[in-house]
Structure formats: C-alpha cells, structure tokens
Amino acid sequence: MSILIDKNTRLVTTGITGSEGRFHTLRNRDYGTNVVAGVTPGKGGQDVDGIPVFNTIAEAVDKQGANTAMIFVPPPFAADSILEAEEAGIELIIAITEGIPAHDELRAFQVIKKNGRSRLVGPNCPGILSPDKANVGIIPATFFKPGNVGVVSRSGTLTYQVGNELALSGFGNSSIVGIGGDPVPGTDFIDVIGLFQDDPETELIVMCGEIGGDAEEKAAEFIGEHVTKPVVGYIAGFTAPPGKQMGHAGAIVSGSHGTAAAKAQALEAKGVRVGRTPTQVAQIAMEILGK
Amino acid sequence: MSILIDKNTRLVTTGITGSEGRFHTLRNRDYGTNVVAGVTPGKGGQDVDGIPVFNTIAEAVDKQGANTAMIFVPPPFAADSILEAEEAGIELIIAITEGIPAHDELRAFQVIKKNGRSRLVGPNCPGILSPDKANVGIIPATFFKPGNVGVVSRSGTLTYQVGNELALSGFGNSSIVGIGGDPVPGTDFIDVIGLFQDDPETELIVMCGEIGGDAEEKAAEFIGEHVTKPVVGYIAGFTAPPGKQMGHAGAIVSGSHGTAAAKAQALEAKGVRVGRTPTQVAQIAMEILGK
Amino acid sequence: MDLLEYQGKQLFARHGIPVPSGKPARTVEEAVAAADEIGYPCAVKAQVQIGGRGKLGGIKIAANKDEAREHAQAILGMDIKGLTVYEVWIEGASQIASEYYASVVFDRSAKAPLVMLSTKGGMDIEAVADEDPDAIAHLHVDALIGFQDFHGRQLAFDAGVDADVVRPIGAFLKQLYNTFVAEECLLVEVNPLIITPERTLTALDAKVTLDNNSLFRHKDNAELRDLSAEDPQEKMAHDRGLTYVKLDGNIGILGNGAGLVMSTLDVVKGAGGEPANFLDAGGGSKAEAITSAVEVILSDSKVEAVLFNIFGGITRCDEVANGLIEAFSQLNPSVPFVVRLDGTNDKEGRQILAEANLPNVYTEATMDGAAAKVVELAKAHHA
Amino acid sequence: MDLLEYQGKQLFARHGIPVPSGKPARTVEEAVAAADEIGYPCAVKAQVQIGGRGKLGGIKIAANKDEAREHAQAILGMDIKGLTVYEVWIEGASQIASEYYASVVFDRSAKAPLVMLSTKGGMDIEAVADEDPDAIAHLHVDALIGFQDFHGRQLAFDAGVDADVVRPIGAFLKQLYNTFVAEECLLVEVNPLIITPERTLTALDAKVTLDNNSLFRHKDNAELRDLSAEDPQEKMAHDRGLTYVKLDGNIGILGNGAGLVMSTLDVVKGAGGEPANFLDAGGGSKAEAITSAVEVILSDSKVEAVLFNIFGGITRCDEVANGLIEAFSQLNPSVPFVVRLDGTNDKEGRQILAEANLPNVYTEATMDGAAAKVVELAKAHHA
C-alpha cells in the first residue's frame, strides 16, 4: 500500500503548457502515473503529447474524472489555481510552485479548511512519490523502490538525500511525501505521520525537519500520543546562523522553539531517535528494522 | 416542552443600557426569563436594576454562564455584536435590531454557518416566547398562555395578531418564534418547523409568511418531506402592490416565486391549509384539533 | 435606493469599471455645453428608472450642436410612462461589436451574491432567461471567500464569450463584484456590456440598487437623488421615517409592522373596500410618528375614511392614542377614523381615546370588525 | 523585507494610522532643512534596523537649528552595532503620557495573524513577555472573517488600557490589522504606541516586515531600500536570485534547496570544517545561476575551498556541470572544488565534468565523503 497517491490517482496538471509543467508532467506519466488532463485557460481543446488540455479544472473533473491536481502555475496565480481545484472538488491538491505570497497561502489554507473537501500538500514542495505506483511532482524517482519506510520531509532536495541514504542501505519506501517549508503548508508532519501510522505497509517512519517554526515540536507531541510505529528523525540546521526574528513580536511568539537542538530534544523526549547526518538516519533505520 | 428558550435559558442583553434594551430586558425578566447579564462596552461593573453589566459578552459568559444573547444595539453595531456573541460561544443569539445593512447580515450569517456553534434568530424579529417559561424579545406576552400550538412568523405584529386569534379560540402555545423578514434571516421557517416537529408538546404548527423571497416555498417542500404534524399557513400580501424587482437580474432569479398566491399554492400542494385572514387561521386550527 | 444610469456610471468609474465619458445636465444649455465638451456624435439619454425609454424617444444621437440642442429640448421635461424627465446624461457615442450582459445581485434565497453573465445582452435578457436559460452563466459567491480570478474565467468560458476577451471579461466581473461589496449594493447590472470594434469593454448602461440601511457608511451615495422618482407624498413619508406606498383606493390604512399592514390590506379588500395606501408606522412608533403619518395619509385627497390597525409589541398603544389626538388637534380631519388597538398598553390607549372623545372616531375590538366598519363608513362618506 | 522606521511610518500614514509628521534626510543639509520645516523641538533618529540605537546615541532631540545640525552631523555616518547610518528621520518631538505596545504578526504555528497589545510598551517588551505574560493581550484572527470591532474592544479590555482610550485603541488595532493585510506584511509592530497628554494616539516607532513574495503586487513597496543593510555580497546574490548568507569560515558551500544546504553545513562542521557561507542556488538551477553563484562565493576572499553538494530533482546535474565549467573559464579560480552530483541527469553531469578535466576539481560520490575531502583540501590550502 501507499498513502495519498497510487494507481487510483487521476492527475490533472495546472500550468501544463509551461515548460516546467510539461517536463515534469510527462516524466510523471512516464513513471506510470495516470495523467488524465492538463489545464491552461484559453488552450482548451489542445493536447500536450496526447494529454487533453482544458480551460478549467472543473472541466477536467467533469470530462476526465480527475481526482488529484498538481499545481505548476507561477506564484502570482498559484493560490487562484489551488482554490479553483478545491471548488472543482479535487480531493488531493499538490502544489509544487515556490514563492507564493504568504497571505495567499493563508487564504487558500483557510478556504480548504472551511469547506473540508480537499487536502492540500505543499506549496513549495517536491510532491509525492509512491514507488512503482505513482509519482506526482519533481522527486527523481529512479533512486527509490517500493518498501516499508515512509518518508515525510519539509525540504525537497534533503528528502532525496535522506531517501538515497536509505536506498543505499537497502530500504524501499511506501511513500515519500514532501510537505514543503512554506509559511502555511497545507499538510503538516502530523497529518502525514498519522497516515503512515494507519498504512499497513509502512513499518518505519522517517521525518526530515529543519530549523524554524514549531512543526517538529508538534509532531513530537503527536507521536507521543498516537504513533506506535518506530520513527526516525533528522533535523537540518544545527550549525545554521540564527534566522532573523520578526521583531519583538516574533520573539514573543516563538519563544525557545525553532532551533534544531530544541526540535531534536522534543523528538527524543518522545522516543524518536534523531540522526545527526542523513547517513546516520539510515544507520538507525537499519538498527531498528534489523537489516 | 418548548423550543429554543425555556427555564434553562440564561440571557445576556447587549445594548442593555439603551432605553429600549433596558425596557424590554426588564419586561423579559418580569415575565420570568432568567436574565443573568447585560453588556455595554465601557459600563462594565455597573448594573441595570440589579442585572450586572459587563464590557464584553465573553465576560458575561465567563462570569454568569450566559447561553443566550439578545441583541439590542443600534444597526451600525449590531452585526459586530452578533459576531461577538458567536465568538464568545453563545448558543442562541436573538437579534431584535431592525435596519442592519444587508451585507452585514450576510457576513454574520456566513460566519455563524462556518463555525457551526451558534444559532441566530432574526435580525429584525420580535424574538421568542415560550409561555410561562421564558420570553426573549418584544412579544407582548400577556396575550399568550402555554399550549400545544407552535407559531413561527416572518412578521412581528402579524404574529401577535395571529397568536391572539388563536388565543381567543382557546389555544395556547408551545413556543412563538419570530424569524424576522430581513434579507438574510439567521433561522428559516424550515429550521423552526423542524424543531416543532421534534417537540413532543407541539401538536399543530402555524406558519405566518408574507410576500417576497421563497422561504415559504422552501418550507412547503420541507413540510412535504419531513413533517407529519398538521401545519396551518397564513400569507400576508394577497392584495399588496407588486414590490419593485431588483432589475432584470432580480426578475431572472425570482421567476414566479414570491407572490402570496404562489406561496399559498405551494403550501396547499403539500397539504397545508392556508387561512385567508388571521381569523380563518384560528378557525382551521379549531377544525384540525377539534376544539 | 435605485440610482439613475449616470449615477451608477459615476459610481462604476470610481471603482475603475470602464464607462463612456459623459456629463449630466438639467437644462438645455447645460446639455449643449456638455455635448460640446464631449464631442460629436454623442448620445442624449433621459434619466428615468424605467425600461424601454429608447423606444419612447428617450435616447437620441446628436451629430452636432444643433441636434444636441434639439434632442435636449425634446427630452428634458418629457413624460416616460408617468415619470417626468428632469435630467439627461450626455455621453460619447460608442461603437459596438458585441452586446453582453453582466450583473451581481444579492440573492436572498441562496444567501449569497449571484454573478450572471451572458453573451446575449441587450433589451431582452429576461426573454433569454425564459427561452434559453443556458445562455446565462450563473455563479454564487461565498461572501467570506469572495470572487476569485478563476470565477471570472469560469463564467466567461461557461457563457461562451469570444476567446480574446475571456480574461478582460473575468477582470470586469471581479471589478463588478468588488464594487457590489464595497458600495454595499443589492444589485449592479450592466446591460449591455459592450465589446467595441477595438476589443475593449465598456459598461454602456448601469443599473445600481443600494442598500438604504448601509447609507450611513456611504455619505456620497446617501446624497444622491432621483428627481424623477420623487412622489411628494412618498417623499414626505420617507423624510419622516415612515414606509408609505400610494394605492388607488379611498380607505387610508395605518398599521405597525409590514406584515400586519399587508394583512390589513387583504382584510379590507376582503370586506369590499379599496385601500388608498400602505403605511407602516414602524416598530416603536411614538406619538409624533403617528401624527406625521395621519398628515401623510390625509394629504391624499381621495381618502374618505381611515383605518388604524395597531397590535402593540415594541409600539405602545397609549403613544398611538396620544399621536392620534395630537393629529386631530392639528389637522381637524373631516373623514371618519376607525381605530383598533391591541397589545402593549392597549387598555391605557383605549382609555385615552375614550376620554378624548374625538369626533368621528370609532373604536373596534377586532381586525375583522374594524375592516367591516371602515368599509361601511367610506361608502357612507362617498355617498 | 524589513523596512526602516521612516518607511514603516510612511506606510502607516497611507493607511490612516497616526504617526508624527516627519521627513527623511541623507545629508546634514537635508536634515537641517527638514528640522526647520517641522519645527523645534524635533527628534533626529538614525535609520538602522537594530535595537538599542537610542542608548548608543542614535536618537537625539534638537531644540533649535544649531542642535539639529550638530545631531545630524553626529548621527549620519555613525556605526551602530556594525551598521552604518546612511539616513536620519526628523520628526516633531512628542509628549508622552503612556507607552503601549501593539503588533500584528503572521503566526505560522497557528496559521493565523496574531494581534498583541500591552500597556507595558517601551524598550523591554520581550522581558514583559517572559516575566508577566498576562500583561500582553493576544488574539488570533480568522483570516476569512477578519478583525472585527469587538476584537479591538476585547484586546483593549484584556490589556487593561485606560478606560477613555478603549475605543480609540480598538480602532487603532483594526487599522493596524487592515494595514497588515492590505500591504501583505509578515509583521507590523508599534513600540511604543503612545498616548499623548491630550489623549490622542501616535505610533512613535514602526517596525514593518513585508513579504518578499508579494512585492509584485506592491510596486511602491518593492522600490524601498535600506542602504544600511545592504551588504555588497548579499546584494549581488539577491540580484541574481540566489539565497546567500555570509558566515565566518573558509569553506564555500553551494547546494540546491535550503534543507540540503543546511544539512551540508552541519556535515562540513561535523567533519571539522568551517563554512564560509550558506548559498542556496534554488530549485531548477540553470547553468548561469551556477556561474553567478561561484562568482558570489569567490568574492569572499576568506574562501579556501568550495563544496558543491547537488541532489537534482527539478535541478539537472548536467546544467550544474556546465555552469561550473563556465565559471572556471570566466573566473579561473585558484582554490580547490569538491563536487558531489546526484539525482536528475547525474550521470550526464559527471560525464561532462570528467571530460572537461578542470584543474583542482574533485568529484565525490557521497555527501559525507565530499565533506571530508573539502575539509582536508581547505586545511592543505591554508597550510
């Protein structure tokens, strides 16, 4: 099994006629993802290498039964595209676009929460890979094979790095989920960890965090209360310079949260072993699963 | 039994230090309503004839356990007061204020719907009377006694008229609910009729409508599908001059809805007998309940 | 409050919605000066709120100054379906490639703003709605979320607009929606929304209904007036905070609360009478309001009898009685009054009336009885 | 993007938030002219984004023209905690009855704007937060609903402001929130928000952080600059679309993706090295971006070895290899490079590098191996 995407995924890409949208959509299809449509307003009726293009997402849902959307439009238009997917009834929206204004993200998140009919992953994320089933996004799939390790990460390239270390140690993956590092991610660590907990195929969960925010601290609380499967953590940024605080208000809000040390400590307090390098993560995984 | 208000009602009045707010709050208390607080910003710590006044509704909830709010503040501030009550966790908000801007009403309605924790009755309504239990609003209670007829009405004074005709015929009431005739009523006919249907004490439901909108037509549909108790209808405005349509758009939207004849017909098609005068309503009620 | 075309266009212009440049004029001289400034050809348009003014000669194109004068003379003061033209709007004549229809209306039934768009704009959009409803694209907007860019595209594609104007139409609808919200309108309607040969958009007409309850937040709008729609009696009532609609009969009606007044009209008509008006003195009517209301009712010379039907809630019957007494002392009416008082302080009210012993005032205990009595008195007075 | 005090105040003024009238100046003459125009006494305030400038002599009150000149001369060009003062802000001196604190911050954890208010304004609000957290009233705002009037009252009562300013404070917070939304800020902070002896409110300081990603919608804001904060290397990187932070070590680091770069810093440090910078070439890095990035890294003369750590997703390793080759042909670097390429088109990239046979370039298969190698090379180069 896998989480979020699999053989039932029917993908529509918004921004499919842009060069990046086209490149990665076709790569996703080559991998085996069921790409059923693309959307570019005004280009309805055209096709991209055989993939039919529509003017609206609603039309892609209506005519092609799309249930998953990959957002590849430029940042000024990305929140609009996310909301269009939401209103069209798309169940899973995966937003790759980087650089969306924070207030746009906030509004999109709140609308999705209000209506309660879609899940958003990202924005500014590499997407999701369920090896041998489907790949939606920009994760380089050749490094990964099916297996029992679920990976969730705030960072794109770091995900590949950690995933690769696991692969070199012989592990495959149930799914790899990039949740993105933007101010308002649609899906958090706890959401994905909860899905992995309920996924029968996943036997070990790897989470890759980084400095800033308190998503890792919240994940630690969640793991302590709800997760029975082993979790291995990694936090990037132990030696990074402290980020700029947003005025006194930022300091008041964040308190002692946010440093790599605080995050590692929060996770370890709930029994999560935290590797200090990607290589160590793989070593810990081997110890736990006894390979 | 009764619906919406009874001996468990713990009322807070916003705008209690205005002359109308004060007058009707004290009348409500004299009737036996459990008035626990008033709110006027800046007058916290004062009292109105022994009723403690607070600066915020949240404080009235916190200190006095208020669960029902009566909104009596002037129209420019009424939507704000409704939203304050909603955020403070008030379960039932009864807005008496007349003349609230339509867009304010729309926003307040949508917020209440989004959060799903409060019910709004009104605005621009006379309130609710559950005879011998509680009276919240401006309904002149002396005309009514407890009984088995539930009344729901869009109009204020027409409610008294119809209620009085029923009283003269010997009927008492479970509850009398004025839902108001404003563009965006918080509670519709169908909501109240549903409550009466589920109320064991109510044996007959009287609904008083008027021309305009399609609330009565929707109620007819609802009655046809969900209501087993007898319903008697009244529609004011058979001879009223046709109201001004809002442009062609208004005509397109409303179609043939909205006339008294169309409403009476819709109700009669679902087995609701519709009196042509308030006196006739009472006569039909007598025929049905066999008094 | 309904705005005149030119008031609506000026409001549109403030929000960046494209309209033809123009000027209003109340005299022929003003109209000619405006035409000169705008240039020829220009349109001279009667400013009245009624459909079909074009067919009745209320819109004319002037090719030069002489024609502008001639048209302004013809149109100013003319009668269009009972309305006198007090103002004209002079605007540059527009070239038209296509006529679309666009509107946003406060949809009470759905509790949401409804945006509509059609490529079949022009005079007969209601016929389009009847005969070819699919030709009008609809979209309800969640008021908390607002109108999104994709909504504009969706409507444009659904309506089947020309491909090259999909984005401009979407942007136009967004502006229209934002204007609807910012100005707290109940309706904004553009018919026709034209596409020029140069493929730009222009709102060639404007129909705007404002929410009277929101005017305290919109001082500029509150000062707008429509001279052609100002019936002196309705204006008098409005100035006094009363809701008054003139009807054709001879029985003056006063009640408190719109529902009760409508019910009273029905009962009077059922008793064989003809109401002369709808007058809602409102909730919490004080003595002065009642006195004012009597003055408004009696200013209609057709009135031959008056019915007061009061069921007090927030209104107190003693206040009503005192208002009636004051009205009698000021106006000394010659027609009979039937008064029915019930509700808050009804006993006090009846007592006050009994003690005042006004001439030609009859009290009745029930609404049905009061209606029967006033019909009888009106007939007697007429005879 | 963080604004200088005066830029924040000018932004506040556009939204009706009360600020002292003032003018910015970059020369002594401009400052004196501004002071003359504003009148005396006035404050001469150093425009740098760092706390404690007052204690370091960066804020002075001028009672007359001579003092204005003297203070401007002293402050312009001074160094405050490593930042050079290029601008001063001259504003009328304010009378202070009370000092409050008010802010709106984009709270990522709650996914909502957070509004805060305290009567304990002034220099040490963070100490208040630590020692007496109840002295700061908090409110998260639902972004779809917005800040309501009652929120303002609630905060004012919760913070315990003086009774006579409850409503003005509430209105001020609403303006502050609306500014936060309209300008798409990540932070607006007013400390102190003063109450004058006449009981009016004034924002005596302004701290505003804008969202760089939204600047395309805010042309005016996009043009604002903070001369004092412009490190030439960081500016060069920013102009080229790279994220660069200068550090203290001698090993230049380039990676793609912030997480991977941070991880690289950790691993290099773990191997005994000291990174000279953080440089994220971003997703989809093209050859030119890589060439630019090398130029930025080498512009730091302390760099003695460079590590490329690339794991290609949207970035293609062949592009990275070509960029590096181009950089070598342009810059002819004297320090050694360690390159680790994995991911999209990694084989092609390694092939290209092998064929180019660049001097002093070492390829490594793993991140750990690459880190060990670059540390070794840096030590050798340093020796």
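For this structure, a couple of remarks:
Note that the chains are named A, B, C and D in the order they appear, and that numbering of residues resets to 1 at the start of each chain.
We take it that a residue touches a chain if its C-beta (ideal position, glycine included) is under 8 Å from a C-beta of that chain, and two chains touch if they have at least 3 such contacts.
Note that this is a predicted model, so its numbers are computed, not measured.
Centroid to centroid, with C-alpha atoms defining each point, subunit A and subunit D lie 27 Å apart.
Between the CA-based centres of subunit A and subunit C the separation comes to 55 Å, rounded to the whole angstrom. Rounded to whole angstrom units, the spacing between the C-alpha centres of subunit A and subunit B is 49.
Residue positions of subunit C touching 2 or more other chains, listed in rising order: 144-145. Shared interface positions of subunit B, defined as residues touching 2 or more other chains, are 107, 111, 114. Taken as a graph of touching chains, this assembly fits none of the simple shapes: it is neither a line, a ring, a star nor a complete graph.
Chain pairs that touch one another: A-C, A-D, B-C, B-D, C-D.
The residues of subunit D lying in touch with subunit A in their complex are 2, 101, 103-109, 111-114, 116, 125-126, 129, 136, 142-144, 181, 184, 186-187, 189, 191, 207, 209, 211, 213-214, 216-217, 245, 247, 255-260, 262-263, 265-267, 269-270, 275, 278, 282-284, 310-315, 342-344, 366-368. Taken in their complex, subunit C has these residues touching subunit A: 144-145, 148-150, 153-154, 157, 163, 166-167.
On the side of subunit A, the complex with subunit D involves touching residues 20, 24, 75-76, 98-104, 106-107, 109-111, 114, 126, 138-140, 143, 153-161, 164, 181, 183-184, 208, 210-211, 213-214, 218, 234, 236-241, 244, 246-254, 257, 276-279. Every residue of subunit C that touches subunit D in the complex is listed here, in rising order: 144-145. Residues of subunit B touching subunit D in their complex: 41-42, 44, 55-59, 77, 80-81, 83-84, 87, 107, 111, 114.
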